[in-house]
Amino acid sequence: MKILVLNGPNLNLLGQRDKAVYGTVTLAEIEKHLKTCCPELSFEFVQSNHEGELIDALQKARTSGTDGVVANWGGFTHTSVAIHDALELLTIPKVEVHLSNIHAREEFRERSVTGRAMHGVITGFGVQSYVLGVEAVLHLIRADK
Amino acid sequence: MKILVLNGPNLNLLGQRDKAVYGTVTLAEIEKHLKTCCPELSFEFVQSNHEGELIDALQKARTSGTDGVVANWGGFTHTSVAIHDALELLTIPKVEVHLSNIHAREEFRERSVTGRAMHGVITGFGVQSYVLGVEAVLHLIRADK
Amino acid sequence: MKILVLNGPNLNLLGQRDKAVYGTVTLAEIEKHLKTCCPELSFEFVQSNHEGELIDALQKARTSGTDGVVANWGGFTHTSVAIHDALELLTIPKVEVHLSNIHAREEFRERSVTGRAMHGVITGFGVQSYVLGVEAVLHLIRADK
Amino acid sequence: MKILVLNGPNLNLLGQRDKAVYGTVTLAEIEKHLKTCCPELSFEFVQSNHEGELIDALQKARTSGTDGVVANWGGFTHTSVAIHDALELLTIPKVEVHLSNIHAREEFRERSVTGRAMHGVITGFGVQSYVLGVEAVLHLIRADK
Amino acid sequence: MKILVLNGPNLNLLGQRDKAVYGTVTLAEIEKHLKTCCPELSFEFVQSNHEGELIDALQKARTSGTDGVVANWGGFTHTSVAIHDALELLTIPKVEVHLSNIHAREEFRERSVTGRAMHGVITGFGVQSYVLGVEAVLHLIRADK
Amino acid sequence: MKILVLNGPNLNLLGQRDKAVYGTVTLAEIEKHLKTCCPELSFEFVQSNHEGELIDALQKARTSGTDGVVANWGGFTHTSVAIHDALELLTIPKVEVHLSNIHAREEFRERSVTGRAMHGVITGFGVQSYVLGVEAVLHLIRADK
Amino acid sequence: MKILVLNGPNLNLLGQRDKAVYGTVTLAEIEKHLKTCCPELSFEFVQSNHEGELIDALQKARTSGTDGVVANWGGFTHTSVAIHDALELLTIPKVEVHLSNIHAREEFRERSVTGRAMHGVITGFGVQSYVLGVEAVLHLIRADK
Amino acid sequence: MKILVLNGPNLNLLGQRDKAVYGTVTLAEIEKHLKTCCPELSFEFVQSNHEGELIDALQKARTSGTDGVVANWGGFTHTSVAIHDALELLTIPKVEVHLSNIHAREEFRERSVTGRAMHGVITGFGVQSYVLGVEAVLHLIRADK
Amino acid sequence: MKILVLNGPNLNLLGQRDKAVYGTVTLAEIEKHLKTCCPELSFEFVQSNHEGELIDALQKARTSGTDGVVANWGGFTHTSVAIHDALELLTIPKVEVHLSNIHAREEFRERSVTGRAMHGVITGFGVQSYVLGVEAVLHLIRADK
Amino acid sequence: MKILVLNGPNLNLLGQRDKAVYGTVTLAEIEKHLKTCCPELSFEFVQSNHEGELIDALQKARTSGTDGVVANWGGFTHTSVAIHDALELLTIPKVEVHLSNIHAREEFRERSVTGRAMHGVITGFGVQSYVLGVEAVLHLIRADK
Amino acid sequence: MKILVLNGPNLNLLGQRDKAVYGTVTLAEIEKHLKTCCPELSFEFVQSNHEGELIDALQKARTSGTDGVVANWGGFTHTSVAIHDALELLTIPKVEVHLSNIHAREEFRERSVTGRAMHGVITGFGVQSYVLGVEAVLHLIRADK
Amino acid sequence: MKILVLNGPNLNLLGQRDKAVYGTVTLAEIEKHLKTCCPELSFEFVQSNHEGELIDALQKARTSGTDGVVANWGGFTHTSVAIHDALELLTIPKVEVHLSNIHAREEFRERSVTGRAMHGVITGFGVQSYVLGVEAVLHLIRADK
């Protein structure tokens, strides 16, 4: 089973940004943690600060045998109609995750433009959001069958 | 370890409401499912159509040895300042869950008044939202220690 | 044929509130009037200042052989998502009534959150709104057959 | 007793428009139905796609011995300040009716500009809205005496 | 010198509407009053409840030797883009008048869609608004030369 | 093949209004131009400053063997719910055209109330908007077959 | 003289919530403090997390010989139309109090839906708000005579 | 008869500001012009850039035998609640004037906070607005008697 | 102990303005009343229609041995950022008072820009608001020690 | 004559996305179709999911002998100020096209940020929108000469 | 060369207000610092808490040989239309400065009403904002020649 | 000392865009000018139409020995949450500059999303904005030490 884990702008610097809000774990550690938690899964990790590359990755997932997507769109979450449209084209299970609780921050972070086109959203559990996201994707894959 | 599972108005009729959106599983089945999944945990289940009873239950959890809360506030999610204030008084791990993806429905369902005072929110995975919610609470309890 | 007549907060004091707007008839007189108008019908009257009790009553109507609902939600009309959701679970004919014309009062009284989930709304005819409401419910019951 | 029944734009095509929302009865059938229901009443029927003609009809009702008005303003309901002002000049009983439930459709259809100047509004019962409207007008006429 | 005096919907009933707000003078009396005040002027009076007829009258004024326009658009003041566009096509002096002070009434009456395309607006002086309007038009005609 | 070309308020004065925005071609010239471009088509041209007459024309098109509609609603574009409703009753191809680019003018001109019920909108090409509109209608007619 | 002191949701936990904002005094201490300050008065204390019970208490005050009301509606302050309507039915002096200054907190806390139907509002003085509230009620009672 | 003519901020520089909008006449010339037009009237002219001085002048007019007020509040028109409140205390005829048409400029200039408390508003006629304003005040004085 | 009592625009005319709303007591009587109520206190009374003078008075209070401020900002309450900023510079107890209940009037009067920077607000008790305001200030002074 | 045809994010997947809305034609087929329709023209086709690449393409068009632009900005239509600014720098004819009618979809799709800087917009005709777009560009080129 | 440095309300207390935001330098020190930095310039310093005095100062600058203006409008920045209008009358270089970054504070501080009529705005550099402001004015003076 | 000068979309075409607003100087000339003004500084110049490349450049600045940033984000200023978040990760002095005064243009250009995360903003001085920006950065660097 192959899971694509997408990370949007600035998440490559995880562990170095506003530690009170985001914690100290790095993206590499998250990736390692996911591999350890789910050794039976094959992961593909993509991080980009470029909206276009994230869309490209979503489009590629349509034909590359990917079974599910876990994505943290970072700052694009609240503004990108283009990512939203790309998600509509992708019918495999797709789960949005956020490190911090988007309902407890600035008002503009509560609305998720991309989330409209995901199956579900998990927000507020730090690194664990990714682990829960992978579980949720697996659950959706099984439910589909 | 004791987990309080709170369900707001109309969730007692789960499995009978708009099945395309909410599925066919009943609340009793969810409760049974949680017990099966996590036999080592002690669950307390409260469902009420009364906002006041939900607040009472939250307040009682402060002194009853409860270790965490998983709650689906139903229609109160988007309007209840009183539940929000009760949540601020409760410092144990608390996770909000929704069966359907609140970001993909009517605009007024995207904003969660109660979610501001939760540790995190999990939305869109049907019954599995509760399972993920329990896991998230356990993770938060462990992280606290 | 059994009709449930629901009255929300403060309608128990009818006849004593702002008489220029609401008139001087009491709720007991309305109930008596309905029985006199429609002797062939069986009425159940519920009034409550508690949102939860009104939801309970709606839920009970699903299995108690009730054929239709006439409801005046009072102050909950403009705010209660929970009553709205309870109404969605009830498929028998349901008609909302108001004593005064909600389109001719404060702006916030024009929008009816509960009315979205009713079959129709009758507003502005004092006690007669209830009589017309019962007629409308009867019409909907007949049309269903 | 003389009742003026006013119908606004496109209601002449009733029975041919979006049948899921408006049903299949034609305006002529409604008129016939009203005459049958209330043989003791004298009806005047006016339908027009012209806002000005509807205002003219309202003004004429002031001096033509009309005892009450039942009106479905169609698309003018939500925008016409001019009809609203004409209604303020007419003190006989006047009731607004709608075939579909305006509280359950697009948001802009919930607000009734004309309804502010009516005695009451009946919405959501198809052709029966007209019958209930006539009854309501009769009730208001009697209450006035 | 020829002045066109335009009156919109319901102004034919002047003197009969909400007398506390609009006074008791009739439109015929206003017309007579204007003729008496300004015997040297030739007046054309048009009143209509039809938006289209008012636009027609404005268009005709372009080629009929009219020197100025005084207009009270009534309920169309706040909504008619079409009258606004017709006014832009007419370059002779044009003054909007209102009997009551539109700044002291409902909020939606403060904005004048038509007023954007007039040379000026005079509001709040009852019948005298028309007299001042004619004076203002004469002043604008003289200033143009 | 019969095409109805509808023009709303003030378009009879085309060529005389704000020439920087609308150009110098008259409506008669447009009509002539269309006939020349498409000699095989039968055109019916209706221009009116009256909203009601435009609705009448739309309704007549339902039974007069009209194959398609090209319409420039002028100032009614942004406000008329009644024309919108009339359009919903008409299922033949219908295309909205504008001389100027409505996205590049005042903010309130960007939203098209009528456009919601058209098949498409062409805006910004002066007289050529009509020619393209006729082409688009022909294309839709052919695609329907 | 009998004064009803009403406290809304979560005020039973006073002294335990966000101490920087609300202080450390408990509700029992407030009640004791009021009795000490005003030994000549008879107090009735009601606290509830249930909106319906607060409405019940207001309604009972109409016939129980209560001379005035001091109320802190907690989270219901900003949303409850039903409490607002219950207050309109109660003509004895009624004063709203808040521990913290509602004008200096989140924007949504500045508007008081219930306050519209009170005689006055006192906000920002901690426990002393209650003492001032009782004084204000006494003043209003005396002024009424 | 004594008329107070008030001018708000920057009107002392009239004739020097944006001449396309405001013309080239100075405030002194306006004052002279008014004296010439109405030799039988006694004028008091006050111009100030200080909101407080304008309020002082309005208050003094209550006891100084002033018969009417003509005022151009300049930039305070759209923001000053304090001037609005001072006007409410003054019951003699009071007319607001503007040189340019406030309905044809920036959106925020259309709303007149002060105008709510005036008898009427005259806007768009340059210096002539003052002359018409004096006439309107005289008319109101005579109508009062 | 020295208390500064500040009154904003038009409060010098108290007792003469809209008596149904504000009562008939004059500012001089309020000042006398306060001296009588609290003979042990030293009062400084400042009233001004000038926003700048009120700011000057607030600034002077920082170094003049003033122990507390009671202020009624009148029309500046809802608009003055400058007074708000001056209040932030003053750390002694400061209480805002209003004669009428600002929550029961026009919507724009509910928001208090100045109130954000006060310790508390007392609104709706006529002259008694000042007495309660002084008490509240004394309480805050004592609590500070 | 050289025409640049630009396509924004996700349009490379045309024919595979929400077929009810967008149809089944692919982008390659559109390009082939345009070449067949207009064999005398030289086309350059650019599709990108990267906002920056689309801006680069627009900038290059300034110096590469391009005579006109037809562009479908996809999801960037409603948000990209940067593309808008790039368009302002390009003075050759430029036409925006959309497959579906943007006036008949979600509200946020009606506003076109990019459309403000285009000569015109054609929306709602599927693939034919491109053909009409090319025609419109040719018309604009000819009109320029 | 003569530069006018204007400071609005509360800036006379600089160095004593919210030191985390505004720093500890006093206004006198700023003035001294500017004289030291630019010994070749002649400075005029005006600080006032009175909006009217600031307008007076701007007006005087028109005829007093002033070459440029540096202004910090304090709390008037976000509300004063009157200062905005005074600035429009002054054509010499004028630069607005702020100590703190207005884009990083409360939302209502981001919009600058006065800034619309300045040549530019410099915000966020503490005292250095004034130094940069003087430089910018000098640059604009030189660019004008 | 090393300064990074970032320029967003379309600024590579400086000198060629709307010359009335932006002037005729090119980006290359600005770069040369900065080098001439500050020969002691080492500059790195990056211009990109790609949001992602600008974020990459900001991230690189964290570890490349860069001492400060001067940035003109162009069209991204008003929309990019992603650049805002990247700026929060960068703690060296960072100053936003704009050629034109963003407070004097379209309303949507006044709000700076990126500016919230900068130390300060300089807007309206053409090329000189960059020079002042460099000075401001130097000042911040020195103040840090």
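Here the chain labels run A, B, C, D, E, F, G, H, I, J, K and L in written order, and each chain numbers its own residues starting at 1.
One rule holds for everything that comes next: contacts are C-beta pairs under 8 Å (C-beta built on N, C-alpha and C of every residue); 3 or more make two chains touch, one makes a residue touch a chain.
In this text, all values refer to a predicted model and were calculated from it rather than measured experimentally.
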Proportion of interface numbers common to chain H and chain K (over half same, under half different): different
Interface copy of H-K among G-I, I-K or K-L, judged by whether over half of the contact pairs recur: I-K
Distance between chain centroids, defined by C-alpha means - chain B, chain C (Å): 31
Distance from the mean Cα position of chain E to that of chain B, given in whole angstrom: 63
Averaged-CA centre spacing for the pair chain H and chain C, given as whole angstrom: 54
Per-residue overlap in chain C, given as positions that touch at least 2 other chains: 50-53, 79
Which pairs of chains touch, using the document's own definition: A-B, A-J, A-L, B-C, B-G, C-D, C-G, D-E, D-F, E-F, E-H, F-J, G-I, H-I, H-K, I-K, J-L, K-L
In the complex, chain E residues that touch chain F: 50-53, 55-56, 59, 62, 79-86, 88-89
Chain D-touching residues of chain C, taken from the complex the two chains share: 101, 103-104, 110-112, 115-126, 128-129, 132, 135-136, 139-140, 143
Partner chain B, residues of chain G touching it in the complex: 8-10, 12-13, 16-18, 48-53, 74-76, 78-79, 108
